[in-house]
């Protein structure tokens, strides 16, 4: 609607829609049952996942995310991939994983494909692309506002034959996964915040933007401790989870350094923009699914002899949901196309607008669906409460709404100042 | 961004932007001064308007609205025209009039161009296209919910050589204009509501959709009384105004019937969809202007030594405004393109979403701008309060939000029922 | 502020505030730890609870809820008890239980105290008042809108020496508790909905209001099955839980009938009004606690060298929270006093206003606190996500917002009609 | 409900309610007609006003505002007066004026009663109390954020026998009134902002709080120019109006100084707190009236054979309005009682909460009423658009919402810091 979709992409979109509708959604209940209770939840991925993964591979619905610049890339535009992501979002617990398009593995694979050495690609990218192992992205730290990567404090120090890592990370998704092999980790390899603050020179070698590095830490390396899974509302999100991690004098060999010392910020920058967009895309699919089952409820629920779908209040809710959802989709598609046209760094405004609008719209939609379902809406009888919890984190992750909004506001102020200056120059 | 813009349209867009910025906006204060006080306000259009109209004609920024199907049409797509309308909205009191693209004349010209006889075209369409006369669209009635055209009760009866019209209309824009020549009037020429309600058959001749006609009533015909101008939040909107009208046994000759007796609903249908969209388009321009002067205020207003533009609360407001505005624009552009692709009647959903979302977003933006301006925001020192009043009517005119929302909701329910039926058929 | 508080009540309020602050809140972490993981969570109440209960008893902070009409009643007014409930709400998982003032046991004890036979009082009320056993209130059913008690379908049939109960209940709080002894159960003892709908006469014996009874079902009676605990946004709320129950041909002796066959509606009526109010009261305490830790976070969190508590956005949030909270408290206190003055049935308007306003306000407050805490806000590091989940159910339980709002709206319409009639009579 | 109302006050409340219902509201249409059009609007007060004033005097509904400390005071508590103000708000254009309880005359009379010399009392207070003359309160200035009185720049300089005043004021209510006699004016008699900012010492004589004075400027003094009336949205609010004023070398004799040079801030302080509260009180009456006519519309408007009052959406709106209105009333009554108990300066929190909550609630209520009335809601056919315009200024006047909210937020932070300090001290 905003841009072109190639016939190849359209076929994937159509196949994916069918796969999600006919395979993933009907498997959701089985997934929950196979997950089970207690420690078992973390011990193995429910078998249904691997079955779906095999089916997806056979249908060529696999690794859809990598841009064509990489030899292994499916080669879809962000605009095309946005459509796929939305469809995956309709079965958020199964479809992204089934197609090997789940965060944070996608972002990690992008990092390795773009910046990794041949050694790194062979050792970790290959099995990741085959879906044989899992990876975590260890950036966020409990003590600092980690939406700004320059705050990261986890310390990297050189030692013979490599490095030692010391620090604490939290909200590390996939960290509980039985197949986890590596942490792609953001570390401080240069000066400390304090040293930088006290340094008279803040550019060149002393720039706050070259004090960090990205390294690969093997999950089983001595000194790596998964302290605990963090819950989201009451969900543990096993088997992948979101965990607190301690790196205590963890040794890694030199070849685990990605791109080079001090280049962490550069690597991370490229990862975050589109990542935020992918989250918004999936959130649209979650919303669409929530609206769908909300309307079904309205149709099927009768009170005093008339269906809820005949009531003005309910029809107004449905309309408000549809408007928010479609407005959100247009913002996301527009941002995706902007990234295709001029890259993520020049599409910050569009990405930020999607990042703020879509999760808030999604929460409103899901909340209305919950209200319509009543007691069934908050418990395991519907996927709604789980959706709510998951989407709620999007208003916080990768920078809270308010930080992005302030940035957006500053951008408007800057543009207006420029306009005023131009005018007065005439 | 959503569709293509022809080079010809792009030139008009660029010229129009320059014209509005350099001619219209700087003339707004003069317009208010020339309007003056008291009865004089209704006596003549401020001279600045005709000056601007001459300039616009010379710049070929004239009659931009007519689609290419009509011989006189500029031939722009709805998508292209949406961009022009937004620009005009930036100087809402001057730019649409200056370019002869102001409601309700545009809709009336479309009616005459599409359905008018040669006689009607020559007599009224020609001078309207030249901007020599003004027209009103007399549909809304005080006693009935007029958003549904089938409720219209103003009575047309046959008499020798023509018809008699009897009835009351209100909110008739342009009715106070010194150059007003005609009322394009929706009348009931067939059965009354009561007769229809009691009729066992409701189709064919008895259909509620062929009981109405559209006729042209000369403004100076005996029996036409302009009762009073209605105010909008205290504004009289002179010299065009929005008036209450009584037609008391007004005679019109047969040749003033448009298209034929009983075809009023058909005529009106085609008029309303795009008309709603044009209002939304202009509302975007109004919003953009409001946001612009809001940011200027933030930059220029210092409190305790720091500019308002440095404050988090203000930056957040600006960001929220920008997001709403851009989301609204995407909805409108998407709807305009839908109309281009498949016609207004098959784009009801998209039009309704724009109709609901944009005025509400605009009011939020203008209200925030008012708040930032404080006392200057509610009075004549800024255009903001006037903008608010004008946009507030858009949540009511052509059907209140709630009616459109209910319709949208029903549409979702219908689609969902169809989906469920299809699924169970498999 | 709205009404008087007796010195006796004031002392309890003060002691309770101290007890909650110094005993309950500091024990919350221990409670979570003792709860543990897996099946153990349901096996026994964390020992800290009994320790707190002993302390509360010694401080005379025990059974504060029973009105003075009952011999065992502490004798506080609803207005006084509202203050106590709010304080308990500050430590929502511990304080109500520690003082034997937790739902649904309080409501059940009221039912037994007011309507129970001597046998029932001795057998179940006495140990409940001593805190030795727990009770559930089995009303809600999965298939019907249970906010209207006349919809209840769980079937009671007479049999030799007593009755048989057959039916399904869900959202039965306390049903998982290891000390659960009884279900106070709403059953249909009279005509079915269908029979009533088809009956020509709807009053007297056939009234929809005398087809139900309340009976006591022992938790261990054969035929009682606890199917599963229902989760609330992922939380299982062990050890009490909210469970799905099946009564399959459960036999109960005649003496388990409360008050008499067909009097269930009458019993239930008296229970729900004040119960809704108690939930609102506790929700205020939850909100106050959430706001408190939100402000603490604002004070302690520094970003770029300045505390969040210095930022306009944060200060505005805090102010909005405070206003909503205080407005909510005034509504609840006003409703409590209304109940004291004229009884619950004549205070429906005031109760409904509290029931709608307070949970919505609380959710807004908690959500803002979550946002300020970021990642810590949604996980087990703060009590916020748990608070959100719990309060979210209040917008659904005992009738969704919309049902109460519609009732309130009808009441306004009725009053206006009466006013118009009075006026025209003059 | 929150505090006691004396029998004397109750009688006034009852009489006032009757007076407003039976005299003021039915006179509103006549008032609008008598106001008329053009210059005439400012030439004389519509005769109906004086008729109502005579009636009110005879009913002892006159000067209800002055506290009992003043010899002329009716002696009602703020809590009692709040009830009266709300009732007056029901006919906002007539009832306050009819009872000589309209702003800004009330505040001015309070100033003169409390701080005026005998000369000032005799010359101006006496005729004001008799309703023979009108007064304006000249504080706000166009260039500075006047919600903070220390910003006021209008300059007072000593000259022989008195003072000269030079400066610009705007939004001066009553300034257009044909009976206007005096401006109670806030002026800078001491150091300029710049001098204070550069002064090393900021206390004692140099305090920012003793650089201002309050003086009485006769309306007809040479050098006083009423530049223009400012409109509120499109309303001119004739005959009192809100005007821009220039004081150009206006001479006033020494006896026109109130209380003494440098004591302006002290005088103003006492005036603003309760003044803000009175605005909130009247806003409640406006809201109650708006809700009333909204419900009447819902009852009377039929669409497709059913009344709007039968529709869920409308009933929900009505309920939301009722809740907001009653919550607002409790906040205002609570604040009024706080002022009675401990004075305005120690009730800042309560006053601020009312000041923020009530106008926002009122706007929401009025806006919903407008929407229900459709076209009639925005024009002169209902009082709604006028109400909206008037209440909208309350979010700006006497300090915008955001300033009060920030203050409230700071207060919460301060209290929390104190609580934390106390805790750690234990």
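All chains are identified by letter, namely A, B, C and D, in their written order; residue positions are counted from 1 within each chain.
As a convention for this text, contacts are C-beta pairs under 8 Å (C-beta built on N, C-alpha and C of every residue); 3 or more make two chains touch, one makes a residue touch a chain.
Quick caveat: nothing in here was measured; it's all calculated off a predicted structure.
Looking at C-alpha means, what's the farthest chain from chain B?
Computed centres place C farthest from chain B.
So which has more C-beta pairs touching, B-C or A-C?
A-C
For the two copies chain A and chain D, what is the rotation angle that overlays their Cα atoms, in steps of 5 degrees?
180
Where in A-D, A-C or C-D does the B-D interface recur, with over half of the contact pairs identical by residue number?
When the residue numbers line up for over half the pairs, the pair is A-C.
Distance from the CA centroid of chain B to that of chain C, rounded to the nearest Å?
Chain centres of chain B and chain C, defined by C-alpha means, are spaced 53 Å apart.
For chain A versus chain B, what separation do you get between their C-alpha means, in angstrom?
43
Starting from the mean Cα coordinates of chain A and chain C, work out the distance between those two points in Å.
Whole-Å distance between the two chain centres: 38.
Spell out, as numbers or ranges, the residues of chain C touching 2 or more other chains.
Residues 312-313, 316, 402.
What part of chain A is in contact with chain C in the complex they form?
Residues in contact with chain C: 37-39, 140, 142, 145, 170-171, 230-236, 242, 303, 313, 370-371, 374-381, 385-386, 388-389, 392-393, 395-397, 400-402.
If you look only at chain A, which of its residues touch chain D in the complex?
It is residues 311-313, 316 of chain A that touch chain D.
Quick check: in the complex, which residue numbers of chain B touch chain A?
Those residues of chain B that touch chain A are 1-2, 291-292, 295-296, 298-299, 309, 312, 314-320, 322-323, 326-328, 330-331, 334, 337, 353, 356-357, 402, 404-410, 412-413, 416-417, 420.
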